[in-house]
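The structure appears right after this line, and notes come after that.
Letters A, B, C and D mark the chains in the order given here, with residues in each chain numbered from 1 onward.
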Amino acid sequence: MFTPDKFHDECGLMAVWNHPEAANLTYLGLYAQQHRGQEGAGVVSVDRNGGGDPHFHVHKGLGLVADVFGSFDFTKLPGQVAIGHVRYTTAGGNRLANVQPFVADIALGHTAVAHNGNLINADDLRRELIEKGSIFGSTSDTETILHLLAHGDREQPLVESVIAALHKIKGAFSLLMLFEDRMMAVRDVHGLRPLAVGEVDGAKVFASETCAFDLIGAKYIRDVEPGELIEVLKDGTMKSYFPFGFARPAPCIFEYVYFARPDSMVFGKNVYKLRKNMGAELAREVPVKADLVTAVPDSGVAAAIGYAETSKIPYEMGLVRNHYVGRTFIEPKQSIRDFGVKIKLNPNSDVLAGKSIVVVDDSIVRGTTSKKLVAMLRQAGAREIHMRISSPPTTNPCYYGIDTPDKHELIAAQHSIEDIAKYIGVDSLAYLSVEGLYRAVESTPGKFCDACFSGNYPAGTPVQIKPKRQQMLFGAD
Amino acid sequence: MFTPDKFHDECGLMAVWNHPEAANLTYLGLYAQQHRGQEGAGVVSVDRNGGGDPHFHVHKGLGLVADVFGSFDFTKLPGQVAIGHVRYTTAGGNRLANVQPFVADIALGHTAVAHNGNLINADDLRRELIEKGSIFGSTSDTETILHLLAHGDREQPLVESVIAALHKIKGAFSLLMLFEDRMMAVRDVHGLRPLAVGEVDGAKVFASETCAFDLIGAKYIRDVEPGELIEVLKDGTMKSYFPFGFARPAPCIFEYVYFARPDSMVFGKNVYKLRKNMGAELAREVPVKADLVTAVPDSGVAAAIGYAETSKIPYEMGLVRNHYVGRTFIEPKQSIRDFGVKIKLNPNSDVLAGKSIVVVDDSIVRGTTSKKLVAMLRQAGAREIHMRISSPPTTNPCYYGIDTPDKHELIAAQHSIEDIAKYIGVDSLAYLSVEGLYRAVESTPGKFCDACFSGNYPAGTPVQIKPKRQQMLFGAD
Amino acid sequence: MFTPDKFHDECGLMAVWNHPEAANLTYLGLYAQQHRGQEGAGVVSVDRNGGGDPHFHVHKGLGLVADVFGSFDFTKLPGQVAIGHVRYTTAGGNRLANVQPFVADIALGHTAVAHNGNLINADDLRRELIEKGSIFGSTSDTETILHLLAHGDREQPLVESVIAALHKIKGAFSLLMLFEDRMMAVRDVHGLRPLAVGEVDGAKVFASETCAFDLIGAKYIRDVEPGELIEVLKDGTMKSYFPFGFARPAPCIFEYVYFARPDSMVFGKNVYKLRKNMGAELAREVPVKADLVTAVPDSGVAAAIGYAETSKIPYEMGLVRNHYVGRTFIEPKQSIRDFGVKIKLNPNSDVLAGKSIVVVDDSIVRGTTSKKLVAMLRQAGAREIHMRISSPPTTNPCYYGIDTPDKHELIAAQHSIEDIAKYIGVDSLAYLSVEGLYRAVESTPGKFCDACFSGNYPAGTPVQIKPKRQQMLFGAD
Amino acid sequence: MFTPDKFHDECGLMAVWNHPEAANLTYLGLYAQQHRGQEGAGVVSVDRNGGGDPHFHVHKGLGLVADVFGSFDFTKLPGQVAIGHVRYTTAGGNRLANVQPFVADIALGHTAVAHNGNLINADDLRRELIEKGSIFGSTSDTETILHLLAHGDREQPLVESVIAALHKIKGAFSLLMLFEDRMMAVRDVHGLRPLAVGEVDGAKVFASETCAFDLIGAKYIRDVEPGELIEVLKDGTMKSYFPFGFARPAPCIFEYVYFARPDSMVFGKNVYKLRKNMGAELAREVPVKADLVTAVPDSGVAAAIGYAETSKIPYEMGLVRNHYVGRTFIEPKQSIRDFGVKIKLNPNSDVLAGKSIVVVDDSIVRGTTSKKLVAMLRQAGAREIHMRISSPPTTNPCYYGIDTPDKHELIAAQHSIEDIAKYIGVDSLAYLSVEGLYRAVESTPGKFCDACFSGNYPAGTPVQIKPKRQQMLFGAD
């Protein structure tokens, strides 16, 4: 009957427990994780004036964290407890109703939920819940979780009700759930998406990436473990449960390749260092003689530095990024030109002219951007162009929370590396091997989810259903 | 656990069935009924491209109809069917989430609901529904109806499910319910709020007041009867049901006194004429010798004309209204002055100086405005001031959809007419008698709801519950 | 070389001298005069912190006074002195740069100018000034006055410089000029536009209409006389000059017919009373047998009351105005209907059906609106329609500050009364005679400017110049 | 009498002559030069429909180029000719009236002016012009130029009038002047600010930096020479004049150090290459033993790469920049924390912990940011911190168009390098020598303006005048 218009969304989470500046710190933690979602941001705080009933306070908006909270009066988010969320930007489907955390007054009491990941059975659950009388207010799979909680049995201990609800969802989820007197943090049994625990001024904090901890001066303690549910009690005590049994841990390796900030600790390791390792592995696996190494900024920079260091070829800024691009550039409609990547990156002819160059990028999706980039580098005078990709060929879509096109749009799913090289117009093209990638992340094959490279999906894939029509709820656009 | 922050809201309804300009005409119908609600406006249309699945389209906003729809592109509300709603402005509680119609994808299919009136058991129903797992997206009592429908049994005929749901609600309701293949229009068993049926270009139209029909060139056919449910089928056929049994019809007499537009037919009668009658009755019941009759514009004008005509005392514009006031005037904070009614009405000294005057107003609520008005008239030179009120003393709050203060704030509930006269500073004060009012509306006592004057509530009163806390849902303000 | 896109604009003026709430009171005075201009509003205040240099502060905006100042922080307009202006709304040409008062730092010191009226030689002056090196920032004729002042000789006494500048302008002007240490108020030698002097709390106030005084509790003292320049000194002393010689006083009679608020004193007389007189004269001059008298609201109401009183025919609300219309109604583009006047006025069929009616309006300009109105009244069932106009036929455009179409668009300039009656579809049509109008305003022919009826222009007419092109200045729209 | 509130503003210029997409290309050229000014942007185009009179069209706004033009309809800027401008962001003084280009209808015809630089005698000229009757509409020194042109003699050839006007201005100026039938581009006699000429599709283009040419696919031809005025005629012919005599060319060396984009050609040379040279010189002049070199991103990156390459110390990303910072971050008011640089840059502890590091930055202004940065690096575990600055100590303010604080706020003007090192908390601090800087830019001392390092001002300094008060003009904020 209904299919959400958007299966995949990467997001960032933040929570602060027992700190006088809870909402403030949550905002800052989201700010540091802005790269994880630019579509919308929200914070929910809870205060308990003089020990009375807990009051939930919400502020949300579309756009960047600074747009939503920049001139916000934080006294409107009082209390010592807060959770927050940033949402990934996608084409279409960008509605205020989808901005998280979701909050509701349910049988279990007031409840807020923030989710990073993607459920593969959200559609089925939604249909079942509607049949039971539920009314949805958004097109987000996260709302499903809230409805499952809403049908929770209040006679049971709260944690039992929550576990019962979570047993019904399948796929990737790192979750923060805020209740009237406690909070719960969960990672799915494979630990597909990250979630770290930290501490500042004696208060517990949770974030998807540790760069959020750095900004607020918090110390990283540990990760929420795959399959772990942590119940944070009033006094900050953390009770640990593993209610979902055990399974192969499979954290997302693409967080290291592209998604996470280089200065973050993710799954316990520094991203920049691993990315530099990828460049170094690449230099060892597929060396090439050249005058200089350059990166496709910003995501390729760390690997390019690693490649340059290992290959002893000088690292240069062959491509300069216009830092004002962001999401605001709108190509003039009347233009006869195709700008594409040019609006964002400018080749530095003086550096490139007449040179043989190695260009390091993190991945190739459809190949169209790489093709334009290579044409630009040629026009800037590059004599030879050797493209090196710091990950294996992307051959499969992600169903676990990173927005990727369908398989038939992934160039490496359809074409050989030789054909890709010809299509994008380089003199040579090489990818990092799966083994090389695992070496770079200081692990061994099978220890991560590498479905985008291998097609091996640890948590299954969704049953594909044709969307019948778009649902509208309360029409609040 | 939860009490909506607003019990009372007067509103305006509009629907168009089978017209190529359905949303347009609905907008215009709302525009004509703007006086029934300035807080927000919304329209839902349904289209069926080439006989396929029905699509629901929604546009809503806070503010006046012209603000919400003035620059709206109506091609975004396609289809031959539409319903709309305007909401009354109140202090606080003005949130987009509360703007109607409410729309949802429920087990019965996509459904939209627009409501004029007030449920007295909304709070109990809400609690029960939450216990069953429902999640509310607003603080409006109307959403309750949608949740009751969401729990409807899809095995039954649709109209049976709807009737079952409506059997649970108590209080005042004129309702429009839009389903995927039909529409239903209902008035509660007492017919407290109006709802009229009309026709334009062969299409059926529904509106709270007939001034909406006038603007779009539609013809008034009849009222939806008290206790009647009309099912409008695809081809425009109207099936009539009376599923709630029969009870004393008790339409709201205050629609005639104050609320409706003078050029409307309400409950089958012209409002202006009845209002003039009220003035005439007043002149007969409580005559006074004076130089001129003047109205408190605009609501007192018709009664003042009637008073003048019957008393043979000339009608004059003793008070001039600033037509730019609207809701936008904000008194300068730094001012040492109290403007109050002065910003809206200016006495015309040249007319008033040295004169004995009759001032006709429709009602007195708290008395504070009347007091200021009288002081203004004195200052303008009026020698004698005789205030005549074209309705009986307002002694009880309305629980059926008109926003009134609590009983303890109603001056006539606490004080004698003599005391009120003294308080507001007039030489004489007289109200229309209940019998006089019934004569003026060409009826007999007991044929209308006159609870505001009599305390006799035909549909009961709500059990008063202290609000425990404010609920927030999806936090989208 | 250049012609401003707009010759004609009616406006409202306000000034407060030596009052601690100067800007506040100026705002309120503009608010009361909102009917004189809905295009834009502005206030300039001057403060002198501890006797130091005077600082000029400005706030302006497009739209209604309440839009521009409703949420404005008046501490940003400090000082005991302020002047303000409202601008008439016109199609096109509505730019922030044209909103008055105009303020500049010129050789005479900081200066602000607000103007009601229209200069007939603005175009020539503008050309001359540009040739001398002046740069204009707007398309308003008022800016010309500021440039003339900017070329003033600072060696002379200030008042001499100002008089020299004013000697160059021709046409209609009521002006407020604010300098660093004094203010000047002027009316052109014919006194075409009004300007009154009042007092509140010992402070001097100036306004176009006395309704502004009423709102702030000020007392009307006298008018600025035709040809008078009043210099208001620091302590509030007013020095009177008559530097332009003497000429036939010719205040605008149309202020009484249509433009001014009925509760104002204009040119020393109460507008409502004179308008009622017009209706009475009309009843005497062109009586007719009918069942009822109704007005085209709101401008026709006073005359209709006068007509009804004199003719002994009952006054009824045959047309009801939608008070939410304002400027915000935008006709839906996709509509197949022509709404026109219908969106603003609704005939009350119950009152009109089968009746012979007198409809009183203040004037007929193009005749198109009257035609639609009459059609509406017929459709509502009126049996006979006798239109009575409370002024003589409008046969000539105004060059002195009221926006009127060209002569060829004025129906009465091109057609006989019989033809007009036929065109608009009435059973009879009659205008008030010029003599009747003068009797109504308690004067004798020749004592007012009646150019719109007579073509007799006391201050001359502009030399018509084809606009060559639109000037843009600082392009800040 | 009057002093503009802002002496210094760096800006970017763009012009396109004879191209069907003139305004579009101008917009894109401004977009590429966004780093030169984020306060406001504007474009003026001229069209000549069928050979008739030229029409000037303007669009301007506050904010980033993409904010002002992102959703703009470019058909509103028709014509084959356009000039544009971006304005530097500064604290306060950010008013729409100051956004360039300035346009006016003057005796020479319609004229638009865009200016990069700063006049040192703007204040005197403004005073003189006001005495002559000029009225200013902004607080910008650029408007002075327009007024000088407005007093130009139209009997003379246009170029003579322009030269006469330009002879009166002193200081730094690269100017674009658009007239009805031609354009002029000028650089002051010292050539302080850049201005380059390019070509695309046969059309002439002008820009401050060649990165603008790259984006629109234009080819760099040459610079406008110091002291040169280029007159571009209808057909695109460029006539060259040197009307100001000859003087020591003194282009701004700080464009190389900090201001320009690294991928631009400025004064004929590639900025990135020279910046890398600065790092290399620095490594040679003030070497240090360390584990790694890191940059203060983004301005320090090129020099850091140069330093690393020459010193053979590995280059690492020790500081990661949050690319979403921009101008939108507003520090929460309630916070107990001081964020400062932390919100923008995060140290990568994993890279820095226990290491001896070289940190390369382009300059130190007040020292407060460097101090915070060093504290952050220490906290991240850096064992030794050696700061290397890729320019000499900044000891003097710029009066030629770069916004710098007063001398007393420049730390290097007041303190020894040892004291600065102690203050900011580094183990060692060294600046590049003046000679080293000249070597890096492949020139010799005296060939550039290095006033910020030397106090040697080639075009003089402004006579300092205390601002008496702020002028307001037309008050349109």
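Here is the rule we go by: a residue touches a chain if its C-beta (ideal position, glycine included) is under 8 Å from a C-beta of that chain, and two chains touch if they have at least 3 such contacts.
These numbers come from a predicted model, not from an experiment.
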Reaching chain D from chain A through chains that touch each other, fewest steps: 1
Centre-to-centre distance between chain D and chain C (centres being mean Cα positions), rounded to whole Å: 49
Cα-centroid distance, chain B relative to chain D, in whole angstrom: 61
Of all residues in chain C, the ones touching two or more other chains: none
Contact graph of the chains (line, ring, star, complete, other): ring
Set of all touching chain pairs, with the criterion as stated earlier: A-B, A-D, B-C, C-D
Residues of chain B defined as touching chain C within the complex: 21, 24, 27-28, 31-32, 34-35, 38, 64-67, 69-71, 74-75, 211, 214-217, 261-263, 265, 270, 272-273, 298, 301-302, 305, 309, 314-317, 320, 322-324, 326, 328-330, 332-337, 339, 342-343, 346-351
Chain C-facing residues of chain D, complex: 1-2, 42, 44, 53, 55-60, 96-97, 99, 102-107, 110, 130-138, 146-147, 150-151, 468-476
